[in-house]
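Following: one structure in structure tokens, then a few remarks.
Naming follows writing order (A, B and C), and every chain is counted from residue 1.
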Amino acid sequence: MTFITFVLSQVLLDPVSLYMTERTREADIPLLIAHYHLNDPWPIRYVVYLRSLLTGDWGYSRSLSQPVLGALMGRFPATVELAIAAGLWIVALGIPLGIISAVRNNRLPDHVSRLIALIGVSTPVFWLGLLLQLVFFYFFQQWGLPYLPSGGRYDVTLMLQHPVTNITGLLVFDSLVTGNFIMAQDALAHLILPSFALGFVDLGVIMRIMRSSMLEVLRQDYVTLARSKGLPERVVILRHALKNAMIPTVTVGGIAVATLLAGAPLTETVFAWPGMGRLAVAAIGTNDAPLIMGFTLITSLMLVLVNLTVDILYAFLDPRIKY
Amino acid sequence: MMTKRRSSWSAFTAELKFAGHLLTQNKLVLAGTIMAVAVLLLAMLGPIIVSPSAATNIDTSQRLIPPSFQHWFGTDDYGRDLFKVIILSIRLDVSAMLEIVLAGLFIGSLLGAFSGFIGGKLDEGLMRITDIFFSIPSMILALAVAAALGTGINNLILAIVVVQWPGYTRILRGQVLAEKERLYVDALRALKIRRFRIIIWHIIPNTIYPVLVQATLDFGQVILTFAGLSFLGFGVSALVPELGRLITAGELYIFQAPWLIAFPGLTILGISLAFNLMGDGIRDILDPRLRR
Amino acid sequence: MASEPHNTSEALLQVTNVRLDFHTYAGEVKALDGVTFTVREGEVLGLVGESGCGKSVTASAIVGLLPENAHVSEGEILLEGQNLRNISHKEMRDIRAHKVAMVFQDPTTFLNPVLTIGKQLEEVVLLTTPERLAEIAAATKASKDLKGEESAKTTEEKTQASSKLSRFERKKVARALSVDVLNQVRLPDPDRILRQYPHELSGGMRQRCMIAMALARNPILFIADEITTALDVTVQAQILELLRELKHKVLGSTLLITHDLGVVAELCDRVAVMYAGNIVEIAEVNELFANPLHPYTQGLMRAVPIIGRPLAGLEPIQGSVPDLIHPPAGCRFHPRCPFAFEKCKIEKPPLIQRGEGHSVACHLYGEKKP
């Protein structure tokens, strides 16, 4: 993955620009070139590049007047919080819907679920976000219903009154843990819409894979045996079938995280969510290439991490796998 | 017998006809297919039904009129009739979608087929490269590439093609690896037919099914990516009728004139849904075949 | 119309004239064509036939585990007099949990790979009614000896221990019972096995576990569906040995389904021979081997080497198994029967009695008063 950013940043753009700050002068450029070995053959440049990445030097963002890594890390918790919340929606809705769909195969709940899934996959994330804002913020307000905030992560004035101690950077978690319920509620209210929008697309995907793997499992012999023992159907499904059906679902789950990350820039932009995605999008406007490269890098790192976690999760689910 | 048939493409077209026949039987798939065809027709006939000037017809006296009998979808902040503009934009989005998928398909399949068939260092290297592409979430990669390439619709198309091709390469390569072990390939080689011919005329038609299925499924996803990136500001410039950009423009007036974002978004949804339905149906029909 | 020789023993399971069809895309598969037999209390009835003749389907029909496209069009299945076709889901489940236990053919696919043996076994035990569990707990406490079901028969304990056990205690009892039943199937080191997963055990061990799961329910009817078929020959012998032991000690009535005449000879008291969805002959086991009446049975005997008999050469039965979507008219065996005559092609022969405890469905034997 570093290869791509390397290629992009060094080939398509002026390599020096990655490391230039506003204060760099004409005269300093040769120094930069020397420091980062930018005139050397490619393999060396690549190594230097890698080394600088590892030491935390990801370039400098001129639009923010900050080193890239610092800027990204500052927004990192926000994006993670959003992704986790979206993931929760998916798990809480997608998996049960998938199970119901498989058990009531080809009857009404199945068709409805599949339709929802299909619509989910076809919906543009950003449009959904806007629509949600329209309905839950604007219309609800008009209709006198309690409404959800239209953007941002928290109410600034409220935050000033009830500051949240920073433990993990995840607002909802931090405020709950520190007993700051006012902020917790506020943060939660702000989190609902964007996370749902982000998760909606993958909801369908997970639901469908859950359904098909569940269908597959229910046809298996051991399910027949379980039934022959006289176990109630619910037990058969939950205890015997589910664990087996989860295995392929978790695989897809890993891929789904990729989609979540991919959708983040759009969602964050629409909801003015102060995460990395939004930063990246803004960076496009100001032609801040180093930032964009940094963002790409970090998201692919996250993806790799998630896939690793999925692999570990496998070992728990399937006793046949040994590491 | 093998030498009489010049290629496997004739068998391919016969099966295609059969698949088409099956396609019309499942109801939901049929609905999707009809919708998809309708979309394609609109795309092609767009500028004929609706005069292209509707897009440039700026009349500020008619700004932001809600949907009415005169203007079915209302008007935007340039006074353009939204319905007409949407019809025009379908053409652009759909053609971009088709271009992207076809280009990705073409590049990806060729690379995958040659890589899989020839094997060796070329294959390994290519797989590494596709791995890299897979490690980055698609939209973010497209974002990065589009940012690097600059504005303009062709750059945007190119950016998304860059993201799409690895998928096809992987699928096709997998198929080819299995296919090249089959007996007829040895027969062809024994006849001293050049590898290039073997790949193009025989291997590809026999292995291309899963890739085609994936491609039809991808239509829906590609148009979402395309519209999404347009929404962010890539691709076409402001006044050009394009669904994603319409939403960007409409966002400013989201509360005053919700129709400005509602209808373009619905259109995107509709197009994506149509092709997803059709793609799903195709996949379900061809599924037993895929287990070759 | 079929009749079966009556005996002084009670008929535990009575299957009468069951017809069963499968609705498939290719057509209606007429799998069972009027199947009739009885399993009496305390006996082992063998159900023999080639693959595809409908033996397993019959078993599935008894416990109600048929796939969705199966349809029983006629007939009765009476278990202790209760018609199994007319009962509710819950009642059927109760029957599966307490009365009828089935062991299947392939222990690899029939055990859940992600659950431990212990879990899969204990859940069966826990299905026993709470009162009985309490009984057993009290009994074990009283007698200080893990003899499981046997010692729990004192009624005094029943009244004393009628109060419900705590969850924890129930689990303990379940565990103890599981260990006990694993001992009964002669599995070494039961504690360890309870903690293991199916893939960690050998085929023979897995099959014993399945048998244990059946025993744990204390069933009145034990159905064994080709339980030795998927095993190696040596392991087969071991399982047969086990079954022989269990037959005398624990097993009640058994329906033993197999295509192996050797197994039949070893374990069964009576045998029912099945062909293409029909029962063609029923007899006591020795009688059947000594005096097979139906041409199919005779063919089977000639096609299989039987130790002790002079080997005159093996003769396969001519022809092949019929297509059950378009079965032959009349007697389904007639295309392959060396003795077939006109009547066989038109009329299906009923099952009639020919001698003590011996029935056959063949026109060769004419009508005789039962």
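The rule is short, and it goes like this: a residue touches a chain if its C-beta (ideal position, glycine included) is under 8 Å from a C-beta of that chain, and two chains touch if they have at least 3 such contacts.
Keep in mind that this is a model prediction, so the values were computed, not measured.
Chain-to-chain contact here is organised linearly: an open path runs through the chains from one end to the other. More inter-chain C-beta contacts link the pair A-B than the other of A-C and A-B. Each chain gets a centre from the mean of its Cα atoms; for subunit A and subunit C, those two points are 54 Å apart. If you average the CA atoms of subunit A and of subunit B, the two centres end up 25 Å from each other.
On the subunit B side of its complex with subunit A, the touching residues are 132-133, 135-141, 143-149, 220-221, 224, 227-228, 231-234, 244, 247, 251, 254-255, 258, 261-262, 264-265, 268-269, 272-273, 276-277, 280.
On subunit C, the positions that touch subunit A within their shared complex are 63, 65, 93-98, 101-102, 104, 106, 109-115, 123-124, 127, 197, 199, 210, 213, 217.
Within the complex, the subunit A residues that touch subunit B are 1, 3-5, 8, 12-13, 118-119, 121-128, 130-131, 133-134, 138, 258-259, 261-263, 265-266, 269-270, 280-281, 283-285, 287, 289, 292-293, 295-296, 299-300, 303-304.
Of all residues in subunit A, those touching subunit C in their complex are 220-222, 224-232, 235, 239-240, 243-244, 317-320.
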